[in-house]
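Consider the two complexes below, in which chain A is the common component and chain B and chain C are the respective partners.
The block that comes next holds the complex of A and B.
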């Protein structure tokens, strides 16, 4: 995205934004994280384009939709890749009877899927949307489950003749065509879960490719809306990105809820959180490395097992810390649930041992993987994702950093203890599968640096100041109609959560911005025109977790 | 070197003599029994290799233990797996092209078994294990081995599955691209040996190449022409479809290629066929580059077995350590690299042999 304003364009005051939008603004709101501007439903493209081109808001982080008593509402959470602290919410009300709103797809490609989700779950229709279909639920679904008039008892009866073979349409051969239609998935060795990729092939080359998601949709947002802030929501985030990134996900909820309810977190707890989160990131990246190797090498190779071996060491440390191996449920609002395991020395020693062995392990990976010429031939200049395209699709995390976008929420919008530690944001300029692989491998090193510093701090922490939780009331009831959108750097990218409180102890609307959801959207851009094996490799390099894509 | 490696009399005749049979009847009975023995030995190798050795070797490469519960070193897993695989349901997809769908899994192992007919496997006790020794032996082996592609295409086409079809097409493209360098490289050996007869090729290699301090190094073609050996090794890996050239199956890309739809007995037959082809590949390498069954102290047949298992080990090593190349890269390596190199090798060999002789 071209940013026409000078470098200090990021420093936009709400008044300047209001001036920029001019008469498009029909009202003002205040979200806890950003100023909100209400605009008319037919001026979305105009408003977003002005903000993108003239104010540097080039990152459409998330689109939240919800239904109120008197209206529908779409909220576009905008921020900037250059300055994450600059945020603005564009609120687009739509008519209750006929909820139609203009699509933002023209300005931000990422709006495509986000708006489809809003249509699917809430029922807002988007004008000029290229392909407004359901995305998470089956095509035959009746009603919009997060809408107010949705009848949960309504049977979702689908006659067998309609659903006998949901892929029948796709299987019909087109005699005139030179291409072949191929369903990759939902069950396929390389989809990393249940993902269905509709692929059109010309020989071995991909002509068109469309990910079809929703097979793992578990109504996570609705479950969070039916749970209390204080205790009941925290276990759910573990189940989004379940590839050992649990603590990172928990932090997304913790950060948002703590900001919403104005809860302080003791410094000591922040350090433990930072350490735990980075351990999770290492575990997640090890697995990403292993599965990527699986996609390129085929079969269960030495690399896969080695990365599982190293992940296992991290898992053991995390198990000592949290008592769990997968679904940690370790964070609490205002801190963590318990202190480091006793005897502390043993824990520190174990973690240090792991960190000491890490350089050797990484060298092994570099010997076997990144310096292997066949692997380089396979990955360099394949799955190319130029930075402008990545930004338009809202790509974040290692996918964005592999395209040379210097964007990391840990540094750009600091939380936890990251500001006080010495580490670097890793970027690679290759924009290809190889760069994304390198970014992950180097991020493991950076995470190791962070963990090491955290351990040093924790070891020297005075015994009587080990405060793991602040005083948090038993029930939390944020003020009515408070809205907040906050994000953290998950293993796969920017994991954001939007909460609107309705004055009760449960959220009125709970929306998850999943990094994998946005990253997966880039797959067609990366794969069209390439060979099937490269499309598979690109999918592997995106490192998606379907639990997080489908929620 | 323990005496002359090859006696003139082949296994079928020896068996006929032992049974006191003569003439056409003796030849027929001897050949049948001989083929039965050799075929079963090779099938037994694949039986050990598939369910057990492959797992153990891969586990050793990847820091694991693998099967160790059933029997000593987990060896009885072979029995358990056989029962398991054979008792599975045989699923035949709708729209499968019946005769060819059923024939494909038979052709693959059969083509490999045919190849073993002309391989000199050395002596074991009084027996000289070689079923036939035609003058065009080497050409026959390649002819038999290349029937495998027919099976892969049949299986891929007849399955009525797009992944299978892609696997079948890949198999053809790959086999055409690599069979030519394979055979051209083998021809450089023929130029050296001056014969296509397998026993003669082995005999030529038993000459001494060089004597180092009393230890004589035999004139194995791998020592005489290491370049041809490496070329042949790579082409052979592609020919039998092992990593990094396992393109026709490519599990993460096209599920399992031509064998996607095969289950139960048919699946077992495909697997047997693949392993037999690995062993046949090893046998051809051993015969034309590694002196066949030659080796010190141990009987020739034991050396032959060691050599083909070494090749099997090598394929498993590659499987654990090497990434798969892409189909277009594979074709490029075959046509633009291997073919040119193999012709260069042949021409150079011909010139050198012509000048020396």
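The block that comes next holds the complex of A and C.
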């Protein structure tokens, strides 16, 4: 499918969008981040296509589904790759008795999985959806767990099936060629966790590949909906993207909830957050490099050890800062939980030492990885992901930037202290596995630049203005029926959170938009027609983390 | 372990000959002894060829021990771990295998990718309904004797996700667990302590009692028929292996 260039990419006022949608609009809502337009369930494709082609809303960031007392509702959160601050929510109510809504899969390919998830967890059925099956829960699950009438105590039966070759019969009928069905995972070292990939091979080549997820679906949304805003939710984001990217995830929740409850964050705390988040990004990218090398070279090689060595250094710094190696729980709504460790000079010195050694370490990585012929042969021009395909699948983060899409939430929808610092968004035009690797390596350098500037600022910060937390009430109860969708740039891409408050101290609906979930969807596009090891390399280059894919 | 093993031997054999005022280069608890033959054997050897074991053996080419005891000691001293990652804890597990913590120092640092080559499985993370049958299958594929280390709170009780609709409340609902390492996630040091404790248990010949687990893999046709089984009868063949979760009975 192709995405045409928008007729005019300029900023759209809500009135212009209303004009564009015309009589499709049957109601208006106001979300804190964007205007919301209510449309009929059978006009989804029409509305989304108009917005994409004529108003430049070419990024379907997330689909949120929810069951209300009197209706079901799907919300399509649209934004633009060119201008992240342009946002619009398309709200599609569906009948309570017979919740059917049109699928957006025709306009945005990413809607495929998002709608399957909505079907799985909430129970909305999507018309014209190519493959409406459960995605996170086992196929024999009874009931829709985030729906209102779900009984959590009912027994469930989960089969362990030997999977049959889905293509064999068809192929036999036509010609002599034989395909082979290959299960990769769910327990396999190359899947970076518990991912199951159903692969159909023709000789050495992949003809069909389907990621089967849900082996780590641990109900993160339910957990957050059962927890209070003030303290109880914050530990959970650490466990979405658990590759040391905890602070980045915490920031996603902090940003959304702070905007929802109108909480100020002191500038000093923002700098600490920015520094911590970038350290996390470095640690996450180091692991991505190490495991990518592991996928390519196939064993615990030197590179893996090097990346773990550098991660240990970052984790030591983060441990000094937060008290934890992996699950930091360091952010609080309105700031951070405590100030820099004392004596501060020691902390700064330690961090500077790490940054000073980093160029040498990166040189080593380049010597052993990017300038290594074996790796080049394996990665250059394999797993090609053209930019328009990446956009249609809602790819973000290093995956999008490796396809030349200049998109980074840190710059495009600034938060924290990023806009006051000097750094660049890294992009590469190769669209292949090698480009994605390069993007990550160069992003480590950019993160180092940011951390360095933050340290300089923190060192010279006036002693009496070191305010780490604003005055936040003990209990937070945002107004009833306030809705917000906000995102930050996580280690893997755009990590968004949708919260609808219901007037209590717990969220009414808490939806996580995981960058890996969308990125993983591009895997079949990248791998079909490639050799098996290249498919594995592509999977490694996506740098997924299953905790975030499955949530 | 080697000290204990050899200590038993020394007591059987040369105890009477020991004298504590004998100064020799490699003194260990179990062999504060020196005999002429031992002295002769040790002298002239480069130090690095000596070990506590060798020193304890002295000149005797024989070990007197029970075969079982010997096997247990061997098992504990050379454990092949399964390369098995589930969730957050697997990141700390990788750190434990890699530089700095280097689990290989304790004879347990060779992760094997195939369950058929492994004898210890570390369960590093949350087990959910879809994964538990697969984990059980992986466990079943490991050769006997096999040992299980549960890493992190999720494998103890479901941890922070205990109330989730999809989360199995601990690894012990599915497979037997020898050692629980608490933490969310446990630090690498904690995991190493857990591994050392397991080695100790194996060397002493201890193992967890085999109990019937609440969730087993069974053929669908063997399940007791009730409402949910009737509903699913069309979707699942009678000889499909299934795992039935009775969430209401979970802790």
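Throughout what follows, the second predicted complex is superposed on the first by the 521 of 551 C-alpha atoms of A that agree within 3 Å, B and C clash if a C-alpha of one lies under 4 Å from a C-alpha of the other, contacts with A are read in each partner's own complex, and residues count from 1 in each chain.
Going forward, a residue touches a chain if its C-beta (ideal position, glycine included) is under 8 Å from a C-beta of that chain, and two chains touch if they have at least 3 such contacts.
Only a predicted model underlies this, so the values are computations on that prediction, with no experimental measurement involved.
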{"item": "Contacts of A:309 with chain B and chain C, given as first, second, both or neither", "value": "both"}
{"item": "Which superposed partner A:210 touches (first chain B, second chain C, both, neither)", "value": "neither"}
{"item": "Touched partner set for A:244, first chain B, second chain C, both or neither", "value": "second"}
{"item": "First, second, both or neither for A:536, with chain B first and chain C second", "value": "first"}
{"item": "Partner chain(s) touched by A:297 [first = chain B, second = chain C, both, neither]", "value": "first"}
{"item": "Chain B versus chain C as contact partner of A:267, first or second or both or neither", "value": "neither"}
{"item": "Which of chain B and chain C A:546 touches, first, second, both or neither", "value": "second"}
{"item": "A:95 touches, of chain B and chain C: first, second, both or neither?", "value": "neither"}
{"item": "Per-residue contact with chain A, leading partner among chain C and chain B", "value": "C"}
{"item": "Partner chain(s) touched by A:153 [first = chain B, second = chain C, both, neither]", "value": "second"}
{"item": "Chain C-contacting residues of chain A that also contact chain B", "value": "188-189, 300, 304-305, 309"}
{"item": "Interfacial residue positions of chain A with respect to chain C in the complex", "value": "136-142, 145, 150, 152-161, 186-189, 192-194, 214-220, 222-223, 226, 235-236, 239, 242-244, 287, 300, 304-305, 308-309, 311-312, 325-327, 546-547"}
{"item": "Residues on chain A engaged by chain B in the complex (per definition of touch)", "value": "180, 182, 188-190, 204, 293-302, 304-306, 309, 368, 372, 374-375, 377-378, 531-534, 536"}
{"item": "In the complex with chain A, residue positions of chain B that touch it", "value": "58, 61-64, 162-163, 166, 243-244, 246, 250-255, 319-329"}
{"item": "Sites on chain C touched by chain A in the complex", "value": "83-88, 90-92, 94-95, 97-100, 111, 113, 115, 125-126, 128-135, 137-138, 160-161, 163-167, 184-185, 187, 217, 220, 223, 228-229, 231-232, 235-236, 240-248"}
